[in-house]
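Both of the next two complexes hold subunit A, though its partner changes from subunit B to subunit C.
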Partner chain A sequence: MSFVNTLLNGHEGGLKHEGLTPMQKIALRFVVLGVLYYGLAALEGMMMRVVEITPVAAIDDSHFFSIMTVHPMVGIFGSTYMIVFGAFLFLVPYFMKKPIFSLKMANASWMLIGGGTFIMWLAGFLFSYAPLYTLYWPLPVDLAQFKIVGGLFYVVGVALIMVGTFLYSYNVFKTIMYTPEGWDKQPSMELFKDAIGFTGLINFFKRRKTEHIVDLPVAAISRGTIDVGLNAVVITAAGVLLLIYMFGTMFGVTMEKTWVDALLYKNIFWWGLDLIADGLVLIFVAGTWYILAMMITGKDLFMKHVARAALFVEMVVSWTVWSHHLMSDQGQSNVLKVLSGEMVTALELVTQGLAVYITLVTLAKARPLKMTNELKFLLGGLLGFMLAVPAGIIQADLGMNRVLHNTQWIIGSHVHVAILVGLTMTLYAAVYLLLPILTNGAKLWSQKLATAHFWLHLTGGIGMGSFMGMAGIDGMLRRSIYVDGEYSTYMMLAGICGAMLLLAFALFLFNIVMTFGVKGLIGIYSPAKTDTSDCVPALQEA
Partner chain B sequence: MQYFIIIFVLVLAGVGALFYIEDNDLLLTITFVVVIVGFIFGVSRIAKEK
Partner chain C sequence: MADSIDVLATLKLVYGIYVFIALSLIAWFAYRVTKPRDDDAGAKPAIFWTYVVVLALVGTGLHFLTFAKVPWVPIDLKRAGIEPSAVFDITYENHEMSFSSYPMQVGCGEHVVFNAISNDLTYGFGIFRTDHTMVAQMQVVPQSRNDLMWQFGKNGTYYVRSTEYSGPKGARMIAKDAIVVTGCDEDDVRAAALGGQP
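Then we have the complex of A and B:
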């Protein structure tokens, strides 16, 4: 009885959704959907891990590569974008102590991104559309191999995600710059300049410094949002190109694939994708570390002016690093390979290293600290990037790239350690920290499950990345199925670690369901009963 | 509104660039600069909105 009661109504009364503000509901809608999409991505990942160990009759080659196409898209857009956007749409007004510009626009964003992810996923699930997420030209318009309807589903899904992303970025910047009703006129242009880093840049050359009017966390969110917007421009342009070719084929117009240069396409596409990898991930993550460190310790950030400058440098670095993805392309210019691919990329050791240092010193100076869930996961996130960034720098070397390019090292030791350990553990830290703020004090059902979640996720994530990396060093290519058991020992070990990750997620999800209760979770998606533009109820704020 | 119009123009410019640049590194670099400056200009227009 008590188990069923807790399952339905939550722990100690669970999530009382009637008392939530519209802002709390919107943030929770983003986060809950993002967490569910993370589960889908984890499940897809585990299916691929199983096939890498032994062929499975139910998952043939076309199914395998369809999963491989949607897996990163579900992970990046359905999960990461949703959790990050939900948290930031809440935190920008929360930190600035002003109402969000548009609740309707925020609601539209989660619906568009969530719905778009589902439609994009259907392209793989229903139609086996599988040009892989890198969409190397002309694979996505190889309509002898893929059905047009699959491509259309894919492009429409991604287009909806991008529209949701543009609305998010507009809402964030408008919230920073607008003047709410009844307020004194806000200095919109000065707020804009400070948010994206112009004020700090000009201060560097001035004797009399202009004081910052945008807090560091909001500045971090703004700079990451610039990269998110730039990335959306590139992805949307790629989508329009695919539509041109698909419609051309549908209406019988001869469209030569050679009209678009494959290497040029790869340059532009990777320029855009690296705005996610190096913009969204590194800038947002560094910004989130700072927010977490300040909220956990209740103290100001150590070296906050350096942190602000480093965030600006990171933004500029993220615009110029893309060539490390083209080091093994014979046609790529050597100047770009060395300047953008090696030298600018190596700067990320400095910017990310500074972010790790500043966060750790902020925490160390506030000792003694209680080892809370948010602190544990924050330390896990820091460790993830301390492993994954150097792995990335190693492969962004012209010599090492000959050995590591397109192997399991890239996707294991670098990408999955960065995303699963670095990024996801940082996001979990934010979830655990924001849980009481977003839910007006809901109490976690089981601390033991939260601890198990931490250790299983940390060891599973590092383990899976490491074994994939070892297989890569031994020559195992990514995006390939080996049917003769060439790398089965590594793949079995990676599979065990993958299962630990999936179990960690299941425990986390179960803990959250028991904390909120099924009724509370469903209630998040019902209209808010309170009519306020405040982030949290006035009583809690007081 | 100007923000969304500028994004629309940048997307069209990006698609056009894919057909015209070919292997010219200078044009590629100029495209990236135009997209970055154009997008930041688009964001600055939000500040100017009534």
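Then we have the complex of A and C:
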């Protein structure tokens, strides 16, 4: 088969989108858009890497910081949210063997999050709106530095993302709790309690265990979904506040910025933002590891009752952990810094360590296993969090934070290793595992490219995070510009690793395009031809 | 007295060793998981619960260790009972820093307070050596208390830089030679020697 033919029609017939169920199409729509947004975030990251090596005339300070503003938003919402939500909207009904509550709502979710991300990105691209994702008060409404239209684009974009997120959260819980037409009445409250891990926690202390009615993977998904919903409430509230000030300025109403207490705002904002870091990243990742381990081995999870109880503990942890972001704020009380910032954060080492151990033992008990793409990426994901979580615990210490806060250590050794190696490799594992299920058996075009993707991504991710971390230890700040080559050696090495990451993504994307074919990829976004509420075609299920 | 160079060098060493161990462990696991099963060592509940206890001890133990070994932690937590020998005011407004005295002269081993006030945005206050390694930093939040008590143990001249993003205009807020420490037996070889021995 010629190259052009494969490019257009895919490998061995490619993706036959006509046979996909509406659920398969929705999941693929989320994932494909999420993968493309990952590419955008990677490109933005590489642009910043270049500027960190040497100043570039085409990227001035304003441009640099507008890239820095949209880069994490595109990465988290445009890419991670999309891939995770797509996978989970498919997996919840798949595991529960019941139809999703609303296909329309699921379709609206990907459109709103995808469209909202684009509008938010335009705020940076067209108007250089650059208050960073932290939005520290009152920077987002400092209209001496930023154009009001940029702020409006940003808030509208984020608002659409949040609406899509609310719809996702509602759809997940409704799917778990509702009674489909023709079914016996479902015990909604019992399903809810089991889904959030409450039943698991009570069982942990009971001799006679209550039987679980929600599978562990679904419990993990719904547990993280609670935090995603709460985070959306906080971000939406911040957006409303920004709009009030922007409209006030537009209509000539004097609004003192001191009406909002900057430290209180920072506490509330970080409380919400940490629900992503802990709700989405840690809990969703742990849940995804469990799903992957069970699907790869075909066996039950090791210590599954502990894993369930840990999910509820993680909820308490993620709701009370935010103060580690305010350890360098002298106005923050020492009690909060020590209890919330240090001690509760230390519990994350326990909860995430448990998830690593449970996943590894589940895999080990099923050996010998074939080193498939999903298994090797899963191990990469586990490694990422084994490196990044201790780095986070270290910086959440009163002594270490005084010399690490806002340095490249935070964003390199902790954040980028967690996201690029831990989270992204876990998501790649899920993509490789779900590929045949979501596509009714499409065959990967090149295993060599998949292997190259793995090694380039793993080496690039760990390398980039490490060199950034070393620069941070030597004092390099994360939100500043250096023009005199102060850290050029570290930054050149980090840049090489960044290029490896970008190349890894390009190989992955090319492999997927050749696997599905351009026609197949476009077909994902056409209306489904089969009218079924099943996740996969009945024949495949059988 | 340990300074940030000592603390961060220890971090680099300890974390470097840990990274090597984690990489080796996963590589070993990846090799073993493809081989036939011979034992269930990791699956024993006693090992599992020992592992959980070790995680909890390591996670919380770090904070007790730094409280005992890192000099600025007890100063931070017990500062209400420490009388500073000097208080330096630094005012932030319109992406500029102004100092109550410049340079700020500090005697060796004295407890001094850097009191930063922002009249508009959130900034940062960071003390750096001339090789750009960080001595210490804090956030400077408007309407909030931003006062850092510090004790220097080496002679040197340090610059101050805003460590928090305050918009593109604040990307290079630097005050050169802002702090001069004198009177110590030892020089900070990484800081400019304007202070030095008296």
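What we mean here is this: the second predicted complex is superposed on the first by the 536 of 542 C-alpha atoms of A that agree within 3 Å, B and C clash if a C-alpha of one lies under 4 Å from a C-alpha of the other, contacts with A are read in each partner's own complex, and residues count from 1 in each chain.
Just so we're on the same page, a residue touches a chain if its C-beta (ideal position, glycine included) is under 8 Å from a C-beta of that chain, and two chains touch if they have at least 3 such contacts.
Computed from a prediction, not measured in an experiment: that's the story for all the values here.
By the touch criterion defined above, A:His414 reaches neither subunit B nor subunit C.
Contacts of A:Asp261 after superposition on the shared chain: both subunit B and subunit C are touched.
Once the two complexes are overlaid on the shared chain, A:Lys174 sits against subunit B while remaining clear of subunit C.
In the superposition on chain A, A:Met400 makes contact with subunit C only, while subunit B stays out of contact range. When the two complexes are overlaid on their common chain A, residue A:Val234 makes contact with subunit B while staying clear of subunit C. Within the superposed three-chain model, A:Gln330 lies in touch with subunit C and out of touch with subunit B [touch as defined at top].
Contacts of A:Phe166 after superposition: subunit B is touched, whereas subunit C is not reached. By the document's definition of touching, neither partner reaches A:Lys25: not subunit B, not subunit C.
Comparing subunit B with subunit C, more residues of subunit A are touched by C. By the document's definition of touching, of the two partners only subunit B reaches A:Ile196; subunit C does not. On subunit A, the patch touched by subunit B and the patch touched by subunit C overlap at residues 261, 263, 331. On the side of subunit C, the complex with subunit A involves touching residues 4, 7-8, 11-12, 15, 18-19, 22-23, 25-26, 29-30, 32-37, 40, 42-43, 45, 48, 51-52, 55-56, 58-60, 62-63, 66-67, 69-70, 72-73, 76-77, 120-122, 124, 126, 128-129, 131-139, 141-148, 161, 163-169, 171-172. Those residues of subunit A whose C-beta lies close enough to touch subunit B in the complex are 166, 169-170, 173-174, 177-178, 188-189, 191-192, 196, 226, 229-230, 232-234, 236-237, 240-241, 244, 259-261, 263-265, 267-268, 271, 319, 331, 333, 335-336.
Listed in rising order, the residues of subunit A touching subunit C in the complex are 61-62, 64-65, 130-132, 134, 136-139, 142, 145-146, 257-258, 261-263, 266, 302-303, 306, 326, 328-331, 334, 338, 342-343, 345-350, 353-354, 357, 360-361, 363-365, 367-371, 375-376, 379, 382-383, 386-387, 390-391, 393-394, 397-400, 402-403, 405-407, 413, 466, 470, 473-477, 479-481, 483, 486-487.
Residue ranges on subunit B touching subunit A, taken from their complex, read 3-4, 7, 10-12, 14-15, 17-19, 21-23, 25, 28, 31-32, 35-36, 39-40, 43-44, 46-49.
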